[in-house]
Amino acid sequence: MQNYVLLMVGAALVNNVVLVRFLGLCSFMGVTTKVDTATGMGMATTFVLTVSSVLTWALETFLLVPNDLTYLRTVTFILVIAAVVQFTEMVVKKISPALFQTLGIYLPLITTNCSVLGIPLLNVEQHHNFMQSMLYGFASALGFSLILVVFAGLRERLALAEVPRLFAGPPIAFITASLLALAFMGFSGISTN
Amino acid sequence: MSQFIVRSGPFTHAPTSVRATMGLVLVALLPATAFNLWLFGWPALFMFLATLIFCLLAEAGCLILAKKPLMPSLGDGSVALTGWLLAMSLPPWAPWWICLLGAIFAVVLAKHLFGGLGQNVFNPAMVGRVALLVSFPLQMTAFVSARPLGSAAAPGFGQSLGMIFGHTPWPDQVSAASALGYVKTELSRGVPVTQSMHHLPDLMDMALGLHPGSFGETSALLLLLGGLLLLARRVITWHIPTAVMGSLFVLATLFHAVDPGRYAGGLFHLLSGATFLGAFFIATDYVTSPVTKKGQLVYGCGVGGLTWLIRTFAGYPEGMAFAVLLMNALTPIIDHHFRPRAFGRTPQGDPLPLKDRT
Amino acid sequence: MSSGYAKIFKDGLWENNGVLCQMLGMCPTMAMTTSATNGLGMGLATLFVMASSNLLIASLRNYITPQVRIPVFILIIAAMVTLVDMTMNAYMHELYKVLGLFIPLIVSNCLPLGRAEVFAAKEPVLPSFCDGLAMGLGFTAALTVIGAMREITGSGTLFADASLLLGPAFKVMELRLLPPGDGVLMAVLPPGGFLATGLLLAVKRMIDIRAGKPISMAGAHAVT
Amino acid sequence: MKLFPVRGGVHPDYRKERTAEAAIVALPLPKALYLPLQQHIGAPAEAVVEAGQRVLKGQLLALAGGPVSAPVHAPTSGLVAAIATMTAPHPSGLAQPTIILEPDGREEWAALPPPIPDPFAADPAVIRARVADCGIVGMGGATFPSAVKLALGTEHKLDILLLNGAECEPYLTCDDRLMRERAEAVLDGARIMAHALGAARVVVAIEANKPQALEIMARAAAALADVTVVKVPAQYPMGSERHLVQAITGRETPARKLTADLGVVVHNVATAQAVREAVRFGRPLLSRVVTVSGGAVAHPANVEAPLGALVSDLVDFCGGLTTPPRQVVNGGPMMGQPLPSLAVPVVKGMSGILALTAAETNEQPSEPCIRCGTCVTICPCGLVPVEMAAFIRKEDIDGAARLGVQDCVSCGSCSYICPAHIPLVHFFNYAKGRLAEKAREARRTDRVRQLVEVHNTRLDKLAAARAAQAAAVEAARAEAAKATGATGQGGAS
Amino acid sequence: MLIAVGSMALMGGVLGGVLGLASRYLAVKENPLEQELQSLLPGANCAQCGYVGCGQAAAALARGEAPVTLCPPGGKAVAERLARKLGVKADLSGQVDKEPEFALIDEDLCIGCTRCIRECTADAILGAPKQMHTVLLDNCHGCAKCFKVCPTEAIKMCKVPVTLSEWHWDSPQAHSGRLH
Amino acid sequence: MMPQRPVVHALILGIFCLVFGVILATTDLFTHDTIKLRAVEDLQNSLTLVIPASIHDNNPVSDAVVIKDGGRDVTVYRAMKGGTVTGAAYAIEGSGYGGPITLMLGVDPEGKILGVRATAFHETPGLGDRIDAAKSDWITRFTGLWLGHPPADKWKVKKDGGVFDQFAGATITPRGVVAAVKNGLEFFARHKADILEGRR
């Protein structure tokens, strides 16, 4: 139990996907102009990452390793993830326009977010079992969502600040992210195993 | 009359100003600063002045580049305060280039790239300190034990000048670990907290400030004095300091009760590190903390809790600066969620329902 | 048509640079720029993948239906990456030892997919290939510059270990600018990556302003 | 009586001592009176006299221009010199139609409507009609036509008429003096209004910084079972209707509702006195008490001035200006409006004329907001001034509206307290103006769309009718042709 | 080798089939303009435009809420393509809001020709043939159609005057009060 | 757009997968063994760093034994000269600031260190990465030491009362390495007989 908690704290805070692992940065920069968008994206990513962690665990355990096909890992992982995400999007769009507006519209963004491949690959690298894979995916996505929302809050405030012309927009966003990463270094060294 | 008719009312204003506010904070910092100048001697004075001057120069440089007038901003005391607080959070004998880089991190990076006073989202002094700590862990954890000015062990004027601005080596045997650092190192080699406590100054000395630490953080009592002045003059309110110290104390005491060998006690956490400096002077920075009282309580608890977490579990022995920056990042979200309830409206912003009158 | 190709290259290198304007492929931009050499290596590997995947996609685009477009594009890119990975591991092992870590990550880089969608899926083969090349070059340049910024300030060196990547002849590139241990460590840590990128964006904007170009603020209008 | 706490607010330097002991003095009749047609909220009044016409004191000069409007009467007898446009006592300095009356000094009364002998037996509608005819508007500053407010009793079940004697604005003492000098009249008027409203009780709320008024009013009320005098704490803006109601009843008026929905109607003490004059004596609203004060005024005083007297007349009456003022204000320093010049007339809502020195205004160039949060703490409406101003600064008016800028009562507390001297209220006034403008625009567009639709349908109908007519004519002609054809020949012309 | 190729092909077939099925049976009617616009956008779904992905960006473009220059990854090329598709000029910065106006008929010049009445779509002009015409201020929306047809130039377009109740404070940043 | 039957999409994606599957599988076919070979070469290269070439004439990779230690299998590569074991090398793991540190440790039959190298770690550049032989000679200073020299309670960094230098500003990494090397020597001491005699 304690192991799982540590695993999750590690994935969410200490080795935060965005600020430490450097995964999913394009979404991080793209969807954080508004808190609402960031929240939606966070929820959608949490869903996809959890599902894809489980799926790829199955793929790895039942197809790739038994047949010595690990060289196909990257290809099969990303293929399955992309297709599943696209399929989910279609299903949500059809069955619930409301859900589509809150979650579904974010799904296409997720395929081009490298955390959906990065986290499954990390799962493999760290030899996670089924439960660990799922929790790791889930917690990483929570960490991702947290940073997304926090950063969106900061950017909403920056949008109202008198930032010098040279830095307004993306440059100051990166500098803010830099200071956020600096703050997160406070968590470094928390042992998670 | 012509100049102000373009403005709507009110036509009377409270006798407040940014300058007066900042001035009061500077005054409140004086006792602790003076005491620590005495405690750490000439090198500390040079370090302090260097930091202050570099910060003022950095501000002036930024203002010139931004083509803004110099005086109102330089004179309102905010950058002096940033420099002062930065100096107070540096090791007392830090060399000049640490001061310079700190000033650049604090004033240029954390303040002026965001647009100057009031626009920054992170506490400039703490950005300066943390960037230095991360970049120069060695120099930033080189503390000294007290050598009061005038005592035999205190370095002389010329020697001190050399230590801060040149390459004069430190006198032997002055370097010392801070209390938090010592406990953490001992713990990492398996020495329980209960045992390492015996090698630390007693709580009275800790409260008075007679222990190694950053330049301005050691004297809890004098900082408290300054804090009370700020409270009395209503520059700050009780919410943030109480929340910071309360949450830190409660967490530390609880865990200490469960496992005294692993976790240091509440009083120790209060009196060591930058707890008082942080609670009264740093976490309270207007610009980077929430504007509502409820928000401030949440923010303060966050700072206290994270400080404890980082001190107890993470790689760095002291967590106040990180905790402040982390909560700075959360401030917009906190502000968003803890807006006061508007008159005649529900917390969600809808008009209150009309009650049936009977 | 030559001016068309000139424009493609100008776009890739400056006007519509993948990192500095499109802000795609940010992950390797942050993760792989602790030194100029790393940036260069990652850039070159990406360059190869982008050029070849653009080439393939442009030639096959007429056979792909919209419903399966994204999976197919991703498949092609991933296959190219795996191909590069295996080949380099086997036949360019020394180089692989330096770059090996970065290569699988190219799949998840969103720049190749972005270019596939925006260019290769719509344009003929040769321009697409050039676009991949140009975007890859721009990407390489940006990563190398960011890497250099971080390496100089963080470790005091420039192009350290470049000879491992490019061969012993490039030993001359390896410079030491500060005494060992004198760097600002933050630069090579995560905050440094964001900071260097932010500063580079500001520099680019300054140059564009000097050149009298209108400045674009991505996403800025949506916030007002 | 148990009071309830009110959130926020400030304690400005009251400076009331300068005029608190100055008994009300009447202004000698000036050479000319300038009576703007718009002295109230609502539609402007419409002049019913012409230039050159002689009028008597109390005679109707302009008729209410709509259901929410108020008539204007002659404050004295004299000659209508002209009806011209003239700078309004308004920050815009816009010109507006004004009746210029040259007094003849004879103070000849016109035939007034007869007194209502026993107002407490009269039909509320009669009282309302009288109040409307006498041109009475709220004298607490809002200048809302009082008769409209007196009609609230017809739709709401009212318990309390709350008489607003808070006078929370610094400097102003006109209500204070009125209560001290004419307590019986004020209470009589209040009870008449309570009767008109159908409210059983009158509660008089007076701030604690007016002990004499409290005492005198309490004494006057002692004999009246239905009147209670309550001491409320001196806490700006206690005089604000909704906050006063909260302090007295503990109930919070829901946004976009009226206090009447809670069973309370608030009127100013001067309004009450004016209502009494109208009901008991048939006298329209002709004059008002104005506090003339401020550091630049030689002898501050409470002046009862005929409406239409120039501000400069009052200032001269008070000894003139000792130094050039930094600001001349209509009303109190917190909510008052700057006056464009001294050559503007006294109007019904003008409770004070303040000539303030720079030291008094303490106006300083604004600095960047340091997010101290004081404005949030003190805003009596629970708003977040700092954020609203940030949105407005970026011209995001809708963002400010989402934060509730329209709930702001412009009390000025936030601007008063702001250490960075940011003109917060000015930002909010601007935003509210822009929002109102947008709403007007939207209404206008809607109206135009409707008009165009009507126009088009009319044209269509017309075209259809014409087509039908043409077809009929055609048919008739064909018919006729057939007929002629059938009968052989001959010309149907 | 066989397993590798076989499993890959199988995966591809199954996934392709599923997506194909989905696209057929889960299809949702979409605005064709939106779809066309979306096909012009990069499809990088990076959200830098401030919308959630290219689909939402296209929808906003179709609604006319977004400028054609919205997409940083697309750069100038996409902006031009979008502009061509939507038939707008890419550079819209020169446009200024017109202040509201109304028509005023100079009664001395009006010859009662009624041409203006026929033009006015808002029924804002009163009058009969050979009689003087006046404009109902409340109805006129300043379209200036009447202004263009008047043979005697009796119609002038005037700025709507600010009334006391319509006036409002200018922004404190404007530093240009109407008073001095 | 022509409406297409689902099977068309299935075919397209299937064929693409098939084609690229063939391509990748073929490449794998050609590169599989080479890649394996390279891995072995890498291993050999790291072994030569900790076992001097002069003391053996065999290929240590092929003379490996697997030792069970606790629940772990440790592969020990043995250097032999003329059939007698002259040295042994094996991977050990320590924990540093940035996570696990993998080291290769070479010892002679007496348990004296022939060499230590860090082969994989994530320590901070400029701080902990000085355990890399390319960055500083710190790691080479283990050569020639054994469990009694320095005495067992001095196998610590100076800060903890031992004899090993810590890095300025980084104690955790050296502490981890010293502890790992000490553990490695104790492992050898425990299994000396098995290793020397080649029992598994």
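In this document, chain identifiers A, B, C, D, E and F correspond to the written order of the chains, with residue numbering beginning at 1 in each.
What we mean here is this: a residue touches a chain if its C-beta (ideal position, glycine included) is under 8 Å from a C-beta of that chain, and two chains touch if they have at least 3 such contacts.
Worth saying up front: this structure is predicted, and the values here are computed from it rather than measured.
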item	value
Fewest touching-chain hops separating chain B from chain D	1
A-E against A-D, pair bridged by the larger set of C-beta contacts	A-E
From chain D, the most remote chain by mean C-alpha position	F
Per Cα centroids, the chain farthest from chain E	F
Rounded Å distance, chain C centre to chain E centre (Cα mean)	38
Between chain D and chain C, distance of the C-alpha-averaged centres to the nearest whole Å	67
Centre distance in Å when chain A and chain F are each reduced to the mean of their C-alpha atoms	32
Euclidean distance of C-alpha centroids - chain A vs chain C, Å	21
Per-residue multi-chain contacts in chain D, two or more chains	91, 340, 368, 387, 393-395, 423, 426, 429
Two or more partner chains touched - positions in chain A	26, 29-30, 33-34, 71-72, 75, 79, 83, 86, 111-112, 156, 159, 162, 167, 172, 175, 179, 182, 184-185, 189
Multi-chain contact sites of chain F, meaning residues that touch two or more partners	4, 8-9, 12-13, 16-17, 20-21, 24, 28, 97, 127, 168
Interfacial residue positions of chain C with respect to chain A in the complex	23-27, 29-31, 70-71, 74-75, 78-79, 81-82, 85-86, 104-105, 107-110, 113-114, 186, 189-195, 197-199, 201-202, 205-206, 209, 215, 217-220, 222-224
Residues of chain B touching chain A in the complex	66, 109-110, 112-116, 119, 121-122, 127, 130-131, 134, 306, 310, 313-316, 319, 321-323, 325-326, 328-333, 336
For the chain E and chain F complex, residues of the former touching the latter	1, 4-17, 19-21, 23-24
Residue numbers on chain C that touch chain B, as the complex places them	184-187, 189, 191, 195
Residue ranges of chain B touching chain C (in the complex, touch as defined)	101, 109, 131, 134-137
